[in-house]
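All chains are identified by letter, namely A, B and C, in their written order; residue positions are counted from 1 within each chain.
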Amino acid sequence: MDLPPDIAPEPLGAAEIAWDGAATAETRTEALYLEIDGWEGPLDLLLDLARRQKVDLRRISILELVDQYLTYIEQAEALRLELAADYLVMAAWLAYLKSALLLPKDEQEDPSPEELALRLQLRLQRLGAMREAAARLMGRDRLGRDVFARGAPEGLRVDRRNRWQCEWFDLIRAYGDVKIRAEPVVHMVRERMVMTLDSAIQRVSSMLGVAIDWMDLRDFLPHASEAWANPQLRRSALASSFVAALELARTGRAELAQEETFGPLRLKAVRR
Amino acid sequence: MSSEAGAPDDLVRAVEATLFAAGQPMTIEAISAHLGQAEVRAALDELQRHYAGRGVRLVERGRRWHFETAPDLAHLLRREREEPRRLSRAATEVLAIVAYHEPVSRAEIEAIRGVQTAKGTLDVLMEAGWVRVAGRREVPGRPVIYATTPEFLAHFGLKSLKELPGIDDLRAAGLLDPVDDDMIEAALGSDHDGDATAPGQNDDGVASSGQSA
Amino acid sequence: MSSEAGAPDDLVRAVEATLFAAGQPMTIEAISAHLGQAEVRAALDELQRHYAGRGVRLVERGRRWHFETAPDLAHLLRREREEPRRLSRAATEVLAIVAYHEPVSRAEIEAIRGVQTAKGTLDVLMEAGWVRVAGRREVPGRPVIYATTPEFLAHFGLKSLKELPGIDDLRAAGLLDPVDDDMIEAALGSDHDGDATAPGQNDDGVASSGQSA
């Protein structure tokens, strides 16, 4: 490593560090006018020009720098290179700065051209310092390039282990539920008391056969004696008898009549 | 060669770093090739000695060398945190069936429950340590059969499965009472009442009486 | 605590094994939590001493600890094929500015560089895991500010930003002060407009030909 990270730079200051790499500027000299694409804006170009002075950035001659910049711009224009507007704005500002620097002191405005020059110098120093810092950073021993972490770490894991919970009663009740579910069909049919449609049709048609006049549908139901006392069963019988009546009407064996909404539903056999 | 207590020589350090950074175990030949055909056998031996009592050790497995954490510290790499979890209803049912009918195959469990049993359900019960594979039934297909474990008995405080209540006991306890319409009605009713966050969200879009809209 | 030459005690071994096994650098708090809230600082110091001369060393990077190979062995271990992402000059500059000035807004980065910085440049650095959004500056416009990550420190082998090369001298020289140079800003101001069409302002993370990195 040419830049050992642990060795502090000379107290001379950052600017010197920044210009370690000035040698690269030389290789560019002849290519200067062809390398308009090489700069990232006017500040970058100024910095490169400043490096050519090969002195501490704090001691560069701003006037010389301005001349170099303006010369560059002129030559670029002579070569009909298309310059971005910001290069031209900088050129104008530097031309102004130069003339102000050359004016007698007593005609100075505030801020003074000297201060402006100083600020420009500081700008260049800042950019130069960061550029150099970037190079030093990139030159460090980098993890994954120069030094390596463990190639095959086993990894640390925190496993969440379930501690399953189940209560005694839950277990027993679950079994009860399974048992109940296991025989649901038999259960339900046996419990439910209904009059089936078939038996209703049979009952209604046989009773119609002996009837002479209109009969209320309710009269076809079994008497509410002990076997038919269950209200659920009576509702079932009513429903089945109604469907039976509809079926007999549909097949032309009975007539249905109802005088008013919710009024008694009456039926009579059709005599052929 | 460096002494045990002193600083390792460069070859030892190079082998150490190479094996540390390697993505997989390396043969002696591979290590040697990596380090310019150096003779690395002695370095490996020294490293192995050096790491013998440490938290990491150098081991040879199938002619390949690698570092691994010391086996007595394996528990540090995989720490367990226990989280109590309630068994799901389905798992509880399956557990009950295994307990009452063991040994029992998955097909039999499904036949008794009347629904398919996800494989995961039995896995949960085995993870809990309450159910184990008890062999295979010697019938066509040789299905795996399941039984309970001593941990199951311990967890539920049973000496044996004979202590499980019989069918008659269940009936006496009201656990085999049919689920009748009234109960469903009541269950549904209470469910609707309990649905406090969504009043009036009936299917017909009309808030039912008794519910504040 | 064990002596340097003797066998390490259990805590030292446990910390050693934990850091060897960890997939990424760990803070003292994380190590401690993993080892049942043990006090691990002294163990880390002992391990760091123990590994100082070996092929592997224990380092602290941004309050996180990990083992890595010794830097002087880089020539043996360097993997040409796996060279880390080559950054453009613009990207390395922006990275340096973020590191030396953090937290820093994009406008501040641009003020130092004198050119607009394409969004892609910061994206590249964030994708690499070296730069993160560190909130917003509480000034008008509330600009997003950027800072480096622990991965940045780990990658470049820095214990903290205080170890950035030359940072003390740069600070003493006033080169890290906030940029508030209105006059020059005004002179350079137009480049913020003309920049987009200007040639050679390849801020998109790709180095242009003719530039030495």
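General remarks:
What we mean here is this: a contact is a pair of C-beta atoms (placed from the backbone, for glycine too) under 8 Å apart; a residue touches a chain by one contact, two chains touch by 3 or more.
Small disclaimer: the values here were computed from a predicted structure and weren't measured.
Most remote from subunit C, judged by the distance between CA-atom centroids, is B.
Just count the C-beta contacts per chain pair and the biggest one is A-C. The centroid of the Cα atoms in subunit A and the matching centroid in subunit C are 28 Å apart. Our note on geometry: subunit B versus subunit C, Cα centroid distance of 41 Å, whole angstroms. Inter-chain centre distance (subunit A to subunit B, centres taken as mean C-alpha positions): 32 Å. In subunit C, the residues that reach two or more other chains under the touch definition are 18, 20-21, 34, 67, 69-70, 77. Shared interface positions of subunit A, defined as residues touching 2 or more other chains, are 148-150, 154-156. Those residues of subunit C that touch subunit A in the shared complex are 18, 20-23, 34, 66-71, 74, 77-79, 82-84, 87, 89-90, 92-93, 95-97, 99-100, 112-115, 154-158, 163-166, 168-170, 172-175, 179, 181, 183-184, 187-188, 190-191, 193-195, 197-203, 208, 210-213. Taken together, the subunit B residues at the contact with subunit C in this complex read 4-5, 7-8, 12-18, 20-21, 34-35, 53-56, 67, 69-70, 73, 76-77, 79. Interface residues of subunit A, counted against subunit C in their complex, comprise 3, 5, 8-9, 11, 13-15, 17, 24, 28, 31, 35-44, 82, 84-87, 89-90, 93, 111, 116, 119-120, 122-123, 125-127, 129-138, 140-150, 153-156. Per the touch definition, subunit A reaches subunit B in the complex via residues 148-152, 154-166, 168, 170-182, 187, 191.
On the side of subunit B, the complex with subunit A involves touching residues 17, 20-24, 66-69, 76-87, 89, 92-93, 95-97, 99-100, 112-114, 124, 127-128, 130, 155-157, 164-165, 167, 170, 173, 175-180.
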